[in-house]
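So that you can tell them apart, the chains are marked A, B and C in the order they are listed, and the count of residues begins at 1 in each.
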C-alpha cells in the first residue's frame, strides 16, 4: 500500500533528519544522510529514468536515500556547473551524459566546467544505442539505398532533430559528415515532437536513441536502417548494425555515467562505484535497464578509470564532428 | 485631470499640472537613458542600420516628454499615454538586445528575425496607444502604493537568496515575516505566531509530504 | 460497438479492483492537494512520486499517476478562482471570471461549477478516447508545421477577442508576451536571444514564473492597497452551490467547452491552452450580454474549465495510441511506464489491453472521485477566504516561492517572479490586461518554431499556409474573428468619446 510506504518514508526521513543535523562525521560513516543526484534533464527522459532505476537500488546498498534533483537549463550544462560547485563530500553527485560531459565542450565555448578535470568519475551507468531512422514511406529500403538516396537528393531531404546539441542532433551531424551532405535540418523541441513529425511523415529522417524508437519500429510507424553500435541490440534484433549495413564509421551511443565533484575523497568514490556496480548486477535493475534497450558496462568498463578515458575520447570525437559542422552555441 | 473621477480604492490623484511635469520629465529621462544605451551598445550596424530605430524612438520619446512637460501637449488619457510610452521602451530594449542576432538567411528565418519583427509591431501598437491617450479623455493615473510592492518583492528576493544557503526553515520564516510587513495593519505577536505555524507546516509538507528535495537547515 | 463494450467491461473490471480504486483515490487526492498549492504542478509531483510507485504493479502505478494529473487540473482551477494564480497555462482564462466571482462573494458557485463542468467534460471525453482514439490520432498527425502556425495565430486572435478593454491594448499585450517568449536560446541555431548574458535565462522564462508574478503577486499588491474591497469579499460570501439560474446559464457553456476541449486536446503542444481560450472566446461571442464577461460571468468559468478538463483527458490519446507524449506531463508518464517495463507505443492497445482499457476506465472513475472530493471541499476553500487577509497573503507568498523554486530547483526563478509581480502591478495600474500577454507568451515559441519549420520544409514558399486546406481554414477563421472584434470596439470607442 502506497500510503503505508509514504508514512514509512516520512518516519524514516524524520529519523534521518535527526542524524543529518549532526556535524559531518568521518568518511568511514559515509553516507550518513541522503545523497543528492543531480540529473541534468527533465524528469521522465532517458537520463532521468536510468538515474532513477540505479539510484533506487544504490539507495538500498548505501542505506541512505538518493534524492534525484532535476536541474534543467542550457542543454544540461547548468547542472554540470552546479555539480562542479557543490561540496566534494560525496553528498552531491551528477549523472553526466554524452551531451553534458563530452559534446558540450565544443557546443558551448563559454562552458563553465571541464568534463575531464572538474569531476571525479564514479562509473558508467548505461549506454543507449542510436539508430538511423526514416519515415514509413521513405523510398529507401536499406541503409545502402538510404545513403545513395541521401547523396543524390541532399538538397531535398529534411532531417529532424530534437534541438541544438541534443543526442539526435549531434549524432545526425556525425552521419551527415560521414556522407558529406548538409541537408535542411528541421529542429524540434525534444524527441517527442520530433518523433511525432517523423511518424506524421512531415520530415524524412532522423537519428534517435533506442529508448524512443523500439515501439515505433515494432509498430511499423517508422523505418529503422541501422544501429550505431558494434553488436545488434537485443531490443531490436532485426535491425543490422551500422557495420553490417555498410556504414561502419557510424558509431553512436548516448551514454549516462555518474560523476562526483573534483576532490571527493577516493574511499567515497570507490564506495559509490561498488554500489553502482552492485546495482548493475541486480537482476531486476538489469532487466529494467535492458528493457529500455540500454547496453550495460561489464568488467573493466565499470571502473572509474574507464569512464575517465571515455570522457576524453568522446570529447575529442564529438568536438571534431561539431566543429566540422560549424554548430556552436 | 480634474474632470476624471477618482479611481476605485481611494488612491488619490495628482494634480494635472504637476503630473504633466513629472510625466514629461520621466519621459525625457527615459529617452535620454535609451539614447545613451543605443550609443554605448556595441552594435555592429552603422548609424543607419538597425540601431537607427532605437535612436529615432528615443528622440521621439524625449520630444514627447518636452512637449508634455512644457504644457504644449495635453495628455487626455494619461493611463494610455504613459502605458504606451513604457511599452515603446520595452520594445526598444528588445530591439537593442536582439540587434546583433543574425537575420534572414535566404528563405530561413534567423534567430533575430522574429524578435525584431515583434518589437517593430509592438512599437506600432504602442504608438497607437499613446496617441489614443493624447486624443481621447481617459481615467487619470492611479497613485502607486510603495509599502506593499516593496516588502513583497523584498520577501521573495530574500527567499531566493537564502533558500540554498540557509535551508527551508530559516528561509521561509524570514520570507513570511518580511512579506507580512507589506500591510499596514501588521500585528507583531500574531504575525510571529502565524509565521512559526506556517514555517512548520511548509517544512513538513514539502520535503516529507511531497517528497521534494529540500534541505531544511543550513549546511555547516 | 460490442467490442467497445467488452473492452470497457475489461477496463472497469481492472479499475474497480479495490487496489486500483484505492490508488486512483490516492492519486486524485494528492493531485488536488498539489493543484491547490500554487506553482507545484503535476510535473514536479509526478517526478517526485515516481520512486514510490516502484513497488506497485504497472497498471496501478499509472492509474495513480494519471489521478495526480487530472487531480491537479481540478486543484489548479481552485487557485485560479480563489487567489487569481493560474497553476497551468490552461487555467489562465478561469482567472478572468472565476476570480471576479470570488471577489463578488460567489467563490462557492464558481468552484462548484468548475467541478461540475470538469466532471461532465471528463465523462464525455473519456468515452471519446475509448471509442475514437485511433481515428483521432490520425487527425493529430495531419497537423504539420503550417497547420500549427495557423492554429497559433488563431489562438492569439482569441486572446485579443477575449479582452474586455481596448483591442489595441490587447494586441500590444499579445506582442509583449510574444517578445518575452523569445528570450532564451534559439531552437534552430542555439543562439542566445535577449538573455543579456545571464545563463539562467538561456532556457527562457518559465510560464509559472510569469503567471504567478503577473497574476498572483500583482493581485496581492493591488489588494493590499485596497483595504475596502478585501473586506467586502470576506463579508458577503453567499451560497456555496450554484443556483438553478446559474446552472441553466452554464449548461450550454459546459457542453460547448467539452466539444472544443476534446478536439483541441488531441493536438500535441498548446492544444489544452487554446481549447480553454477558444471556449471562453466562443461563449463571449455568442452571448447576448458579452459585457458581463471578465466581470464574473458564470459561463466564463464553466466553458474554459470544461474545455481544459476535456483536453486533459484527450491529451492521453497520442500517448496511448502512438506512444508519443504531447506535453511534459505525458513525457513523464512515458518515463513512468518505461520504469515499469511498459514501452508505450502503437501496440500498447493490442498488446496490453488491460493497461489501455484499465486506464481509460480509471479516468472516468477518477473524475467521479474528484467531483465527490471537490464539492465538499468548496465550503472549506470559501472559508479560507474568511481568513484575515493579513494572514492569507504571506501564506500565498511562501507557497508560491516554494512552488516556483521547486520547479527547477532554481532560486533565480523566484527572483524573476518578484520582478514579474511588479510588472503585473504596473499593468493593472495602466488598464492593461495580463491574460492576452500570457497567451502570447505561451503560444509565441510554438508559433515561431512552427513558422520557421514550415518555411524550412517548404523551402521558403510562404504560400503553404494558404494552400494547405486545414491551415487556410484556420487563418480564415482568425481573420473573421479579428474583424468581428475590431468593428464593435471602434464603434464603442466613438460612443464613449461622445458620451464623455
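Definition applied: contacts are C-beta pairs under 8 Å (C-beta built on N, C-alpha and C of every residue); 3 or more make two chains touch, one makes a residue touch a chain.
Quantities reported herein were computed from a predicted structural model and do not represent experimental measurements.
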TODO: Could you see whether B-C or A-C has the larger number of C-beta contact pairs?
DONE: B-C
Task: Taking each chain's C-alpha mean as its centre, the one farthest from chain A - done: B
Task: Closest chain to global C-alpha mean, per-chain Cα centroids - done: C
- [ ] Give, as an integer number of Å, the spacing between the C-alpha centres of chain B and chain A.
- [x] 41
Open item on the list: Just the number, please: Cα centre separation of chain B and chain C in whole Å.
Closed with: 26
Open item on the list: Taking the mean of the C-alpha atoms as each chain's centre, how many Å separate chain A from chain C?
Closed with: 32
Task: Contacts with 2+ other chains: residues of chain C - done: 51-52, 186, 188-189, 191, 409, 456, 459
Open item on the list: For chain A, give me the residues that contact two or more of the other chains.
Closed with: 9, 68-69
Open item on the list: Please output the residue numbers of chain B that touch at least 2 other chains, ranges allowed.
Closed with: 211, 213
Task: chain A contact footprint on chain B (complex, rising order) - done: 207-209, 211, 213, 216-217, 219-220
Task: chain C to chain A touching residues, read off their complex - done: 22-23, 26, 43, 46-47, 50-56, 64, 141-145, 185-192, 199-200, 202-203, 268-269, 318, 322-326, 328, 330-336, 338-339, 341, 343-348, 408-410, 445, 449, 453, 456-457, 459
Open item on the list: Help me check something: in the complex, which residues belonging to chain C touch chain B?
Closed with: 34, 40, 44-45, 48-49, 51-52, 166, 168-169, 171-172, 175-176, 178-179, 182, 186, 188-189, 191, 193-194, 196, 217, 220-221, 224-229, 389-391, 393-395, 397-402, 405-406, 409, 411-412, 414-415, 417-419, 421-422, 425-426, 429-432, 448, 451-452, 455-456, 459-461, 493, 496-497, 500
- [ ] Spell out the residues on chain A that touch chain C in their complex, using ranges where they run on.
- [x] 1-3, 5-6, 9, 42-45, 48-49, 52-53, 56, 68-74, 78, 81, 107, 112, 158, 163-165, 184-190, 192-193, 195-197, 199-203, 211, 214-216, 218-221, 287-288, 291-292, 327-329
- [ ] Give every residue of chain A touching chain B within the complex, in rising order.
- [x] 9-10, 13-14, 17, 21, 23-24, 36, 67-69, 87
